[in-house]
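Structures incoming, each one as structure tokens.
Shared chain: chain A. Partners: chain B in the first complex, chain C in the second.
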Partner chain A sequence: MIRCLSPQLHAEHQKIRHTKALLVPLGFLGFYFLWTMWQISSMKPDEFPTGYAMLFYQLPVMNAILLPLMISVIASRICDMEVKGDTLKLLYTIQKPGSFFDCKYLNSFRYLVFFTIGQGLLILFFGSLKKFGGFRSEDYFLYLLTVLIVSAVILVIQQTLSLLSENQLFPLGVGIAGSFLGLFSMFFPVPVARFVLWGYYAAFSTVGMDWNKDTRIIHYYEIPFPTHKFILFLAFGVLIFLLCRTVFSKKEV
Partner chain B sequence: MGPVIVTDSLTKKYKAKAVVDQLDLRVPGGSIYGFLGPNGAGKSTTLKMLLGLVRPTEGHIQILGKDLDSRNRLNILSETGSLIEAPAYYGHLSGKENLQIVCTLKNVPEKEIQRVLHVVRMEGQQNKKVSQYSLGMKQRLGLAAALLGNPKLLLLDEPTNGLDPAGIQEMRELICSLPAAFGITVLISSHLLSEMDQMATHVGIINQGQLIFQDSLSVLHEHSRGRLYLHTSDDQTALLVLKNSGIPAQWRDGRLSLKLMEDSKVMHAAALLVNSGIGILRLEEQQMSLEDIFLQLTGKQVSL
Partner chain C sequence: MLIQCIRAEKQKLRHSLILPACLFIPVIPAVMGTFNYMQNLGILKSQWYSLWTQHTLFYASFFFAPLIGLYCSYIWRLEHRHNNWNRIMTAPVPVSDLFFGKLVWILLITLLTQLWTGILYLISGKLAGLPGIFPPEIIIWILRGTLGAIPICCLQLFLSMRIRSFSIPVGIGLIGSVLGVLFNNEGIGIFWPYSLMLLGMNSNGTNESILKDFLPFLLSVTVFSAFFCLAAIWNLKHRDVKA
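Our next item is the complex of A and B:
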């Protein structure tokens, strides 16, 4: 299958020449770099031993706000060229709609992998710079995995919307709405929050926080990774992918 | 050469409305087949069905001798090229980069690019961004993309739409040269009758989804049987004189008319009238234009 998709993936790579799409995840990584710098600058030395816990608690919240927006911009950047150039009528005489959808997705997914690795390196960089304590490789990899998987599921929706919309304002609007929903879902009742896809960045966090009003001390504590919830989410993600792929493939051009 | 496109009872319905209705196309190999019809007649839908972009409600499609179905569609279409409605392009890339993408997808060596650019006379603009191309250049680039891989069949949907007169002329010359130069059969749709008259060897006329004529252009021209119109000093008496002499004259469109006949018979009719004391003021031959035939067939005005 990969061999069959290989020329199509190469074509996707040829299409994104001159688009500077890599600048999108790079720009967001730059923002995270500045934000983390600002966070660290306000930390007291006695907070450094729990530095990693602080990062693993705060970054998912930031991700819930920023990543839906980043993903909508990436999807729009990659898909808008097909809408603007009215290319589907040509492409569908050379490739299957489903393969086109898959290759488009894999192409955009590379940017998510790039971002996730970049964020992982940033965490290690700041951790070693300030000699943070409490590093647990399990938390680290689970964090990166959940960032990638939640982003991947959101990407399916954004890609489908971008390919089906004549005007990219709508999918970008959905991305912005997702950012707000993701943030506010943390304050929603659990049965409601369960249905907010964009809120799962924080839902899979392995670090919790207590703030003592009197002592004004923050205490980070470990939360067991919700494995069952994660597997269900993965299955749901696959279902969304198949559904979106079918809807897109069935559309006549 | 046998037909390269055969459709049997090809039909496309949207809800209850048949946009294409029981279409039996026969496109002969090596021909330029003009697929003619007013706007909204079902031309684009038919072409899209031939390319598998739209699923037929019923009917059969055979292209290059093979039945078209969802499994072998891409295999069959690898021997075709198409340009449907507006040209497809990536505006942020150059013409050459656009063709490189098509080469990759069609698995055609990139050296083909210079050949097709030469055919469409666009070697000079290949490194310019397509967003800066004129519509005519975009159409030619679309045609170049369609020509990649040496297709046996080209399907072009209104390729001269929106072009200026010079662009139309250039595109027309280009299309006309394809069958002889590369052995390509061309199916070209248009609502411009005059255009088809200058390009096509065969014509199919579609109206409200139904094929109302299909044959060679010469057969279509045979429908344009000419007539002779006579204006005399007394048309009514002239009609009687001619009829009494067994000459097929009739009163048509408020004028005295004769069927087109041999010169000697015309001379005989004229002499007959003059000898009857009727002066001939005017004698004119009128051919039925393609537009007239089209109107007769469809009962609809078309763009000329």
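Our next item is the complex of A and C:
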């Protein structure tokens, strides 16, 4: 299958040359760099021992605000050439719609992998720079895994919308609405929040926070990783992928 | 000529998705903000003022600029397609009128979005059982927020004009907004165009002194707006278009 997809993937790679799509995750990583620097500059030295916990607690909030829109921008950027050029009819004479969808997806997914690795390196960089304490490799890898998986599921929806809409206003509007919903879902009771896909960045967090109003001391504590919920989410992701792929494949061009 | 350009833009916007987006997206912070307010009545005790912060904090902090970015990308969308840049640049109208024709519509849509936010706030307040009508300051905050939105509109319109991609300016709008929150927290919000909307709306309920500081705010709005408009017009006059 990989051998069969290989020339198609190469074709996708050729299509996005000079589109500077890599600048999108790079720009967002640049922003995360500035934001983390700003966060650290306001930390007191006695907070450094819990520095990693602070990052693992706060980054999912930033992810819920920023990543849905970043993903919609990437998907729109990658898919707009077929939409603008109206080339799908021509393309389908040599490529199956399903395989086209897969190649597009794998192509966009690379940017998510790049972003996730970049974010992982940023965490390690700031952690070692300020000698943060409390590093747990389990938290670290689970954090990166959940960022990648949640983003991958959102990407399926955004890619489908971008490919189905002639006008990119709609998918990007969904991206903005997703950011809104993801952020607000953090303030909702858990039974309500679980229906908001964009809020899962925070739902899989392994760090919780207690703020004592009287002493004004922040205490971070561990939350067991919700393995069952994560497996269900993965199954939901696969289902969404198959559903979106089928909807796209059946689209009249 | 400007009137003709405004009319032409009106024609282009007919049957567009901008109006549904402008009506639908502000409903999300309204519903979510009210829900959150109702969930936290024990902490949020300032009634209409508390509801205002819940409604507008995230809207003004993070989502307003991408929304404007979306409108601006849409309004330049036709020019970026096919060879339309050649057509529009050879039209017998000054390039400044082309830009301002679009800006007028973006400002009108922004005003509409702001008014709609105000109406949703009133409806939500009544549904949440708040007494009477909202305090008159809210109207001032909405208008001041609209004023603070002008530089964002000018900047996003400029970005969408230069960048052919529909989505990139929207992403820039989001990053600009989040940076705006940082600038605002450092107390230097008037030096960053994306912070001005948040300052104007008083969404975090802390900058009451802005009436006192209204002159620097107004100066910042004027300088940024003029700069971005001039940059856009200079760009249209001096740089070759890519059709």
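Here is the rule we use: the second predicted complex is superposed on the first by the 253 of 253 C-alpha atoms of A that agree within 3 Å, B and C clash if a C-alpha of one lies under 4 Å from a C-alpha of the other, contacts with A are read in each partner's own complex, and residues count from 1 in each chain.
Following the convention adopted for this analysis, contacts are C-beta pairs under 8 Å (C-beta built on N, C-alpha and C of every residue); 3 or more make two chains touch, one makes a residue touch a chain.
The structure displayed is predicted, hence computed values, not measured ones.
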Query = Given the touch rule stated above, what does A:F184 touch, chain B (first), chain C (second), both, or neither?
reply = second
Partner, of chain C and chain B, that touches more residues belonging to chain A = C
Query = With the two structures laid over each other on chain A, which partner does A:F170 touch: chain B (first), chain C (second), both, or neither?
reply = second
Message = On the A-aligned overlay, A:K84 touches which partner chain: chain B = first, chain C = second, or both, or neither?
response = both
Which superposed partner A:T50 touches (first chain B, second chain C, both, neither) = neither
Partner chain(s) touched by A:F28 [first = chain B, second = chain C, both, neither] = second
Request  = Once the structures are superposed on A, label A:N107 by its partner contacts, choosing first (chain B), second (chain C), both or neither.
outcome  = neither
Key: First (chain B), second (chain C), both or neither touched by A:T93   = first
Note = Going through chain A, the residues touched by chain B and also by chain C turn out to be 19, 84
Touching residues on chain A, where the partner in the complex is chain C = 19, 23-24, 27-28, 31, 34-35, 38, 62, 65-66, 69-70, 72-73, 76-77, 80, 84, 167-170, 172-173, 175-177, 179-181, 183-184, 187-189
Query = Across the complex, what residues on chain A touch chain B?
reply = 7-8, 10-11, 14-15, 17-19, 81, 84-96, 252-253
Key: Residue numbers on chain B that touch chain A, as the complex places them   = 48, 51-55, 74, 77-78, 80, 82, 84-93, 97, 100-102, 104-107, 142, 145
Remark   = Within the complex, chain A is touched by chain C residues 16-18, 21, 24-25, 28-29, 32-33, 35-36, 39-40, 58, 62-63, 66-67, 70, 73-74, 77, 81, 165-168, 170-172, 174-175, 178-179, 182
